[in-house]
Amino acid sequence: MGIYDRAMGQVDDAVLAALRRVSTATAWAHLVRHGIKRPYMMGVKLLSIGEVGSMAGRARTLRYVPLREDLLPYLRESGMENPQRDAIEAVQPGDVFGVDAMGSLDAATMGDILASRIKKRGAAGIVADGCVRDSPFIKRMGIPVYTRSVHPAANTSALLPLEHNGPIQCGGVTVLPGDVLLGDEEGVVVIPPALAGELAAEGPDHEDLEIYIREQIEAGRPISEVYPPTEGVRAEFAARRASAGRQGR
Amino acid sequence: MGIYDRAMGQVDDAVLAALRRVSTATAWAHLVRHGIKRPYMMGVKLLSIGEVGSMAGRARTLRYVPLREDLLPYLRESGMENPQRDAIEAVQPGDVFGVDAMGSLDAATMGDILASRIKKRGAAGIVADGCVRDSPFIKRMGIPVYTRSVHPAANTSALLPLEHNGPIQCGGVTVLPGDVLLGDEEGVVVIPPALAGELAAEGPDHEDLEIYIREQIEAGRPISEVYPPTEGVRAEFAARRASAGRQGR
Amino acid sequence: MGIYDRAMGQVDDAVLAALRRVSTATAWAHLVRHGIKRPYMMGVKLLSIGEVGSMAGRARTLRYVPLREDLLPYLRESGMENPQRDAIEAVQPGDVFGVDAMGSLDAATMGDILASRIKKRGAAGIVADGCVRDSPFIKRMGIPVYTRSVHPAANTSALLPLEHNGPIQCGGVTVLPGDVLLGDEEGVVVIPPALAGELAAEGPDHEDLEIYIREQIEAGRPISEVYPPTEGVRAEFAARRASAGRQGR
Amino acid sequence: MGIYDRAMGQVDDAVLAALRRVSTATAWAHLVRHGIKRPYMMGVKLLSIGEVGSMAGRARTLRYVPLREDLLPYLRESGMENPQRDAIEAVQPGDVFGVDAMGSLDAATMGDILASRIKKRGAAGIVADGCVRDSPFIKRMGIPVYTRSVHPAANTSALLPLEHNGPIQCGGVTVLPGDVLLGDEEGVVVIPPALAGELAAEGPDHEDLEIYIREQIEAGRPISEVYPPTEGVRAEFAARRASAGRQGR
Amino acid sequence: MGIYDRAMGQVDDAVLAALRRVSTATAWAHLVRHGIKRPYMMGVKLLSIGEVGSMAGRARTLRYVPLREDLLPYLRESGMENPQRDAIEAVQPGDVFGVDAMGSLDAATMGDILASRIKKRGAAGIVADGCVRDSPFIKRMGIPVYTRSVHPAANTSALLPLEHNGPIQCGGVTVLPGDVLLGDEEGVVVIPPALAGELAAEGPDHEDLEIYIREQIEAGRPISEVYPPTEGVRAEFAARRASAGRQGR
Amino acid sequence: MGIYDRAMGQVDDAVLAALRRVSTATAWAHLVRHGIKRPYMMGVKLLSIGEVGSMAGRARTLRYVPLREDLLPYLRESGMENPQRDAIEAVQPGDVFGVDAMGSLDAATMGDILASRIKKRGAAGIVADGCVRDSPFIKRMGIPVYTRSVHPAANTSALLPLEHNGPIQCGGVTVLPGDVLLGDEEGVVVIPPALAGELAAEGPDHEDLEIYIREQIEAGRPISEVYPPTEGVRAEFAARRASAGRQGR
């Protein structure tokens, strides 16, 4: 595991703030241009209802393995020092709590109380390649929560917490601690810290350009004229921005 | 089938009323403590939109098998005496209409008219391990309806009604007639009558305690202090209840 | 492919307008009566949120095959003449844009800009046996859009556009250009032009009769009395219509 | 369930002997001609290795439902009178033991000892919509055994025997007790007794004709000349049989 | 479809003969080096039993779409001119008959008689993204046959032949007519004609080198010494070949 | 991960030798009696052909995560020190090489050369929750190899080796280094070292008893008389062993 350690890093809050203005579609395109082909989590969907906004945060990870009942006594003896509790109490503001439960549909990875604690500690969101319980509360909790599904069973009925802040997979994408997890209604993409800064710098402008192009389409211009954007369209866009100030989204 | 007959029973309306205040997560924990490991229906999701509230009712069952066209004439001859019509006209207030269609995605188990009749007869809800048709109406019908999916095809295009009020499976859980089907936004659990009374007695208090704990978490107390609840936390909760009267949920 | 050419046709706008008052459940029954057993697309679900109304339009088709990187240069050379762009720029008012991406969950078939252009050209809806990107926009676009799922990846990361307006499959149903694609909240059915006129003529009345029957059920009449509708019930319905004018839906 | 009772019957041994010379492909065609569209079990594959020959026998059925631990005591009290043991001890020569375990991959429906007893009692084969354990023995047992897969777990770890000789489904096909279960290397089809006699009478000849046609193809004649067989080809075939005696297969 | 026409071609028999000495693993590596990431058909497995050898041939394609009963009369009228019969009678020696049935498990794409004709016309193999019937014969037919599964149903019970020698997909890989379909026990890869020559020239030597390396491993040398092969190992291999003549495989 | 370290251990060769005489069905029953409910790997099947015998060995583990192209340079820099090579060169006689590739069907975890090296180092078998390439060789290699499927792609086209000899999952079962992996034709079960000794001591006798019971069944005794074995049957069995010496299996 150590051989990938140098790939880990921590992006700062300004980068996260900018990334919250970037869609997963734009992030995907950025990552592909940098050689990362499959940064999007498959099957991990937004559970939250109501307005939760976009999610961008530093991954704090928890890894589960399938329950083996002979290992439960060791978990119980570890008390509050077990990997799940360690992970939760280590959450820092701006973290996204990322859980690898191998896509398990057989039990929850957490319930309302643990999720509330994660939120209270300042998490920007929760991403679980598995389920949550007490989902009627969790989906109204006010931070973005992404899961495969819901299940009322407590975690240790089918899962064992194994490790805090090691590498995991979620939805078929490898996540290292500190990676940026970016989420919107379309799902979650994983951004290595080394590629986050450039996306934060360019992404929001790209989103504005896309909106401009879409408005031109809605105004009746054909695709061939505006998309992919020619230099002319980019100039129009720049001109409009200069005159009108930055558009919100 | 007869060997399990003694396990069947009918809970009374007061028990059902209390269970409506209990979440499936709490019910799951109760059942596991009593040795039932898999009481939650997999893949059977709430179809209803809008506020339908929780569901608790006595299972009235209908079993389908795959269509065999050579058997259709016998079904037609049986007219209004067929197992589907029998089941619907036998619905009593407080029943949940439980349908085993083996998870079929190839046809509906009922449409708006039959569903309306089931509601009119007083059903507390509908649970189908299969599909319904006329779902735009059914999902707004005002009672909780749980299904695997929707399909516009009439039942006998792929299914044959076989039996009314025999044992069935729904979502991988065995359901005997009279079992309590408890549903909330998280899904449905099956509660044997013998285990329903204790849950009805203790469950609502447990829900209130959980809410109290969650409030403490939201107020900033760490998990280790309040969850799982110590005697001290239970005493705090009891004291608050004594002073404030019973909390609603 | 030519052997089925004579089955193709184009229904007129009045037929489409009438069909918008017909549910997929009613259309399914009509098609089965005419010998078509599986007209309903499996797994292709309404993505749109908010009120988009029913969809009825003439299929304009686009077929994708899996990406083969050695073929990408030919696509790039074709520029704006590629099958995807051809299909989009050929959209006529009242068309439904039907995309066969073989159910692929690995990339989108289009994003917000192309979808906007399709809408701008007058499309009655979009049906993709695959994904879309920029789905937060597309699902609020105001026309019915049906997909398998969403994915932020651009189409050519996993798919190649192959052909405009040839026969395709969507959700396991064969679609010829010009077929009517009828959609409501329950999903999409495919109606051959030769069978559309009769359904347009009779379907809306059938829907009103169904509503009348449902009202009778809700008023307490048993199923055996009103469903399937006897001559008496049909007479009641006709009488009420005569006195009250046509019911809205 | 009673409404389909009149469809049940028992074919005699001579019919079974003739059917053993008929392929599932030929049987499928026969059943479709008589209106039965889906007589082939999906996902239930031949487990046996070595030469076991074709299978044709009268269905004796056993139905499982998912385990509910609260029902296990009733099963234990029933001792040797439980539905599984009843079914096994009721096997008659020429029966095929048909098990509905709902496709469960979580436990076996039987192991080597019960399978041996079923064989000893004269069963023509075993068909389980589920798994068997001790499969290294069972697959060499010398009678055709069809299953979904294998699993070393005993049945009551995930399944409860519910009923002997009621209607079941296997691989998506309804099986009534007494139905003919016909199996070859391609899988299993279900033949209602009312349709078995005609197939037994005509099927073996049809197989011989197919072989004759195939030989003509192998000799170089084009498909258009011999398939589907013209009157001329049928006459050639009849002539050759007259001169050469009945061909074996 | 026309935009990819220039990618089509026909490799000669000498190339095919050489490719028969190349494994799909080696071919995969070759194609990836040339930028083709996913040339391997998923889920399409060797059905044949006994020694059938490797398969290398030019793709002749047939495309099915899902059955629509209203189109069957047009198929019947077309008689022997339908796309399936056209495709079969057009088979040339060295072709591989490639069938796109969209992975359908609901019916066969062909039976023993059509398969025999395909073999008789000189086909090097059959690849069907779907099923075959009469599989007990077909799997012993003596040419490599790859399918998803088997099913006794005739093709038009669920499928309609649509087109002969157009582009298709098989197992998630696009196949153009004339592409080389290379198969061994591991499955099938698709090789564009433009990349076949180089592989034919270099692949057999590469296989021999791999065998030499494996022998060195079996003789006790560590991986680091021989794999990936150093210049030294390549020299050893060349020396041995020079002294011993070409090794067979 | 450290909290489960005390559960790890190493069984000696005599225990492994005895376990090779125990079926997975017997091992499953032993583990369930000791509270382990799901020790059987789902979906991981024997790939080997020919006589390979049973497998019992100490788990040596390798964990993969999904490929992230930005991490590949770190893997390349690590050269022969990467986790995969480390794991292979650390194999000891009597180890089973256990690979967690998360069930990936998109690439192989190893090919013939690495598998040969694993065998050469004395491995008792290979278990991969994923695929292998060069499977035509590997399945004839002479040691038991269990996989999900086969794929010609090299591992780093979809997977990254992450860790040697940490805890993994295979087929839904947690495997700690040193656990006994026991395999026969039915599949693989995971035995914690603490439970291996008792099974080694009692299992072979249990197998012999089962064979004795099966022989009694084959001789015509009913199940109720011999199974589950009464004291009388156990006495018969003991007597026969005393007179005849230990039976082989």
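Odds and ends about this structure:
Per-chain residue numbering starts at 1, and chain names A, B, C, D, E and F are given in the order in which the chains are listed.
The rule we apply is simple: a residue touches a chain if its C-beta (ideal position, glycine included) is under 8 Å from a C-beta of that chain, and two chains touch if they have at least 3 such contacts.
What you see is a predicted model, and the numbers here were worked out from it, not measured in a lab.
Shared contact partners of chain A and chain D, listed by label: B, F. Because chain B and chain C share one sequence, their contact can be compared position by position; here under half of the interface residue numbers appear on both sides. Which listed pair repeats B-D comes down to matching contact pairs by residue number; over half match for C-E among C-E, E-F or B-C.
Using the average of C-alpha coordinates as each chain's centre, A ends up farthest from chain D.
Interface comparison, C-E versus E-F: the higher count of C-beta contacts falls to C-E.
Each chain gets one centre point, the mean of its Cα atoms, and the points for chain A and chain F are 36 Å apart.
With centres taken as mean Cα positions, chain F sits 41 Å from chain B.
Spacing of chain A relative to chain B, judged by their CA centroids, is 34 angstrom. Chain B has residues 37 in contact with two or more other chains.
If you sketch which chains touch which, the pattern fits none of the simple shapes: not an open path, not a single ring, not a star, and not all-to-all. Chain pairs recorded as touching, per the definition above, are A-B, A-C, A-F, B-C, B-D, C-E, D-E, D-F, E-F. On the side of chain F, the complex with chain E involves touching residues 80, 85, 88-89, 105, 108, 111-114, 116-117, 120, 133-137, 139, 150-154, 157. Contacts from chain B toward chain D in the complex involve residues 1, 3-4, 6-7, 34-39, 65-71, 74-75, 77-78, 81-83, 102, 160, 162-163, 166-169, 172-174, 190, 192, 194-195. Residues 23-25, 27-29, 32, 37, 40, 42, 184-187, 189, 210, 213-214, 217-218, 220, 222-224, 227 of chain E touch chain F in their complex.
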